[in-house]
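Next come two complexes built around chain A: one with chain B, the other with chain C.
Coming up: the complex of A and B.
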């Protein structure tokens, strides 16, 4: 647990940024505070409360949605709109009491091997909005290349996440493999796919938990483009791209099984995305 | 006693403590922590096997806010057992309050009592220890080898009852029993199996971890308030360990936040008592969850070898069971748990040639102890899996095979006499058994008739149905004793004082129902107090599925005595003979309609004539241990691509005699089944190569929550056990024994994979599928 020595309640993003700049490494932005359970930094910290800055709305944009960083996972679950898929992901996020307090921003600013939310954001090619001396945008692929908080300078704040809406002919699949509802993920897979003329026009495959950091499986994606969405094509592409992953089993499972598990789930999620893209999703 | 219509018993009445618990009123040890209590923290050994070469506590002692530091150099060295069992204990004496030898990662090095957690933890860091690291041993088979590291090389280690014990060979217990001739029985068989099984580590995971506090009162007595299943054993063992008279100690048990056997052990109480004496301040010690996993107690992991033979007509000709437990760093409950592996399963099926070999072996891992099921859980996995294997070999439906062989009412088994708990057992005939009806009802509910062999199944997701039959016991005959006392108050209410220990099961309510039924009054007129060694009569405590059957008989007896006194006073008041009177609705009624109320009777006896307080006390020792029986059925789905197993539906049909409180009895079954499903599928201890547990928290060690529940159906099949109170037998433990074998058999029925080690993880199932049905057997953790 963190060692908090003070609690600040800024009234605006600007005030929060100024405080964080002033405090430097001692500042610790907090909203849902669930992340802090997993941190072991014992140095004195000042909690800067960013949960009351109006960063918790989900706004509809012409091509998608802008999600405030302090929106809770429960907010993602409750939001319903055309092409919105994150409710499916949110439902698999631990339990309702935790979904009610854990925020999207807090769940992606520091990534653990078992983190849930980076996986769909990678597959959706989400864009992170960071409020610094100027507003910056970072694509998910870059954002999750290393620990995301490294992208932030002193006083910077992750304020929003942009995700596209699923359009006609597009589909999405997400699966989190776990032993119980409260379990950490053992392998998470998210797939976004666009079909044209019954062929894979574009696809993004993201994996987490079975690998040290969430990542895209670009070799698999490449192998699928232009192919018909069939079981054999999916299996061949997945097998061809498996060596790209640095497979690492968590919680007592072997690396070999982590790799196998990922291969099965990716194929499953390719089918799920295909079904949705074809309009066959249940 | 015969069957009749009940007014209080066999009714799902509101638990007597339901409202106070629901309102969150102070009830548990932690609720009574004094504001000025010192906090105790323990320094655990970083090594699995080591000797302390030097230890310096001076810096810790000198820290402001630190009041005492205990270690082996400043406490009495008195060998004892931590097992909360009757005296003389069947568990070996192999434990000291502190020792210079470390026997597992987390073993007691030194304890600090300080003003706050923070100060105590800082003081632990200030203790300087130099270790001589010794070679550890973690596996049963390694510990039994010649030349293996000796874990208990101290001269004091000994058995205190005449049983085999050889600490120099890491053997904590051994029992060998043969009825008939196993080899002859195997030779007479048409088919045989000879297969190994391994039961893995698991912890009880009570919501409330071990927690104790103590202080010294003005009479210099040590008052211990503790979450224990065995207050009287606790008092005796703490007195022994501190070398103080029993009369100087009072143990109070408030509500318990779950025990499941873990709290049948003296884990904290010796240290809190010693700290209270040293500091003369109230002291409080609560285990962290990690300590609960490592330093309290666990289910004994067990290696099993089962040999079984049968004729093609389904007659079982031979059963051989070798059960070797890993008792960990101490031998607590080692002998009796392994005895139960034989005595609680071997009588289940008729057989003339039976051999049982049980052993408990020391290793440098966490210690086993009492855990719901108590050895029967381990044996049920091996036994009921082998039953399916034999049935398949003779081409018989496993349900039919069990049905034709299981024990019935009026029958007996030589195993009852041959195997007791650490000594010879007691002859007994089965006086109630509705196992046949349990099998029938359970089979109907699960849809057994539609069950097909695994060879007929195709596709990725395959469903399978498996079953297991079970029996347990009800208290330990000729050993366990319970007692209760009762007094009547002016308003017609009764104080019922019991040593019996409600550990969350609802036994206070159940026992009050028995009293109210006998007295002819309502449940709300029974004021229950349990347990306090100064106030309540002796009871061995809550273990061995004994409370309803044993303590219930003590309550019934005392209520019968009090009833007689009430009738006698009533006869005096109504000027007639007691034989002319009956009791109904808290009134003594004469045949002509005249009546006096309980309140009038109490006032009369206290204030009017021949004054005395109506009340009495009764002790009870039982001579039988009537088994509850159960048939369990699991319907599972196996994802053959990933190996993941999902329990779709689970049916448990149980015969517990008369369920005194049907809803609480169902709750016991459901809780035990959930406990067993987690044990079968998700629970496991992970250790690194140094013997350190790496998943000692609820983030990594997974238990089901309500949202993971499969469809569950509990069917109580009533019988009437004439030796029990109002026909009751036990129900608390038996339910946990079924899921491991029933799910294993269901997985086999789904996809042809035979699993011999738990838990049935997805990876294990997948690897077995890859290997064509079975992976090479190896001892796990």
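Coming up: the complex of A and C.
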């Protein structure tokens, strides 16, 4: 936990930003607080409660959704709309009392090897909105290249995440491999795919937990483009791209097993995305 | 110490808290010991309380976060003279052995049933996935809680 010596409860983004600027490195933004269980910081901090800034709505845009950064994982789970896929991811996120408070922003601003939510955001090519002296947008690929909080300067706030809606001919697959609901992931995979004329027109594959930081598997994606969505094409593309991953087994599994696990799950999720793109999803 | 104001079991409270105090520490310090400290890492659900209608683990929630919010603990749910239907159902089903996890189960199930009185099996499985019991094997707990749904055979109690 953290060594909080004071707390502030700002009522607006402007007030929160001003406070965080004034406090500098002493400021510790808190939305759900579940992240803080994993943090050990003895230095005195001032908690800035950012859960009441009106950043918890999910708005429908012409081509997708704008999710307020302090929307909880439970909000993502309960939201249902055309082309919305994050409810499938949210359901697999730890347990209900934690889904009820953990926020999307808090789950992606500091990434752990087993973090769930960066993976679908990479596969969906989401865009993060940061409120600073001016509003900035950072695509998921850049946002997750290193620890995302390094993108923030003093007083900056991650305010929203834009995700596209699945369109016709597109599909999504997500799997988190774990033993129990509270277990950390051993390997998580998200696949977004667009089919045209029964060929893979575009595909994005993101992996987490079996690698040090969630990442895209671009060699696999490249090998799949233009191919028919078949088991043998999926298997050969995945095998061809496996060396791109820095496989690292977590929680007692070997690096070799992490690599194998990923190869099996990616093929399964390519099928899941294909089924949905073809309109065959259950 | 700094003062917060919130609604606890229907009554407005103004309590002094330490900035790094968790909600479970605050509640138990104030004598509300029905909220049980199990794992202290948000994994077992024995400390579940309801905040603004949602079940939350009080062990990983800071006390300052409830400022201005509405909190419900097991003490506000019912007592021996006026038990809540969930309490009656759990007792009748023999779903309580050591009882340590029971307040957490009741709060989590209540949060679900308050929002969805006709909750079905899939709802219970999803919403109770954060509550651990090391005595009963869950079957009687599940039966008892399910019987409180209006979707159950015979309707809610």
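Simple rule for what comes next: the second predicted complex is superposed on the first by the 282 of 282 C-alpha atoms of A that agree within 3 Å, B and C clash if a C-alpha of one lies under 4 Å from a C-alpha of the other, contacts with A are read in each partner's own complex, and residues count from 1 in each chain.
Everything below uses one rule, namely that a contact is a pair of C-beta atoms (placed from the backbone, for glycine too) under 8 Å apart; a residue touches a chain by one contact, two chains touch by 3 or more.
The structure presented is a predicted model; accordingly, all values stated were derived computationally and were not measured.
**Q** Just checking: does A:49 make contact with chain B only, chain C only, both, or neither of them? Give me first, second, both or neither.
**A** In the superposed model, A:49 contacts chain C only, not chain B.
**Q** Could you say whether A:182 touches chain B, chain C, both of them, or neither, answering first, second, both or neither?
**A** After superposing on A, A:182 lies in contact with both chain B and chain C.
**Q** So, A:95: does it touch chain B (first), chain C (second), both, or neither?
**A** After superposing on A, A:95 lies in contact with both chain B and chain C.
**Q** In the overlaid three-chain picture, which partner chain does A:2 touch, first (chain B) or second (chain C), both, or neither?
**A** The answer is second: A:2 touches chain C but not chain B.
**Q** Of the partners chain B and chain C, which touch A:143 in the superposed model: first, second, both, neither?
**A** A:143 contacts neither chain B nor chain C.
**Q** Which partner chains sit in contact with A:257 here, chain B, chain C, both or neither? Use first/second/both/neither.
**A** first
**Q** By residue count, which of the two partners contacts chain A more extensively, chain B or chain C?
**A** C
**Q** Applying the document's definition of touch, where does A:30 land relative to chain B and chain C: first, second, both, or neither?
**A** In the superposition, A:30 touches chain C alone.
**Q** Check chain A for residues that touch chain B in one structure and chain C in the other, and list them.
**A** 95, 181-182
**Q** Provide the residue numbers of chain B that touch chain A in the complex, in ascending order.
**A** By the definition above, chain B touches chain A via 641-642, 644, 681-682, 684, 686, 695, 698-700, 702-705, 707-708, 761-763, 766-767.
**Q** What does chain C use to touch chain A in their complex?
**A** 2, 19-20, 22, 41-43, 45, 48, 54-57, 60-62, 64-65, 67-68, 108, 126-130
**Q** Which chain A residues qualify as touching chain B in the complex?
**A** 95, 177, 179-184, 251-254, 257, 260-261, 264-265
**Q** Which residues, counting only chain A, touch chain C once they are in their complex?
**A** 1-7, 9, 30, 33-34, 36-37, 46-47, 49, 51-52, 74, 91, 94-98, 100-101, 181-182
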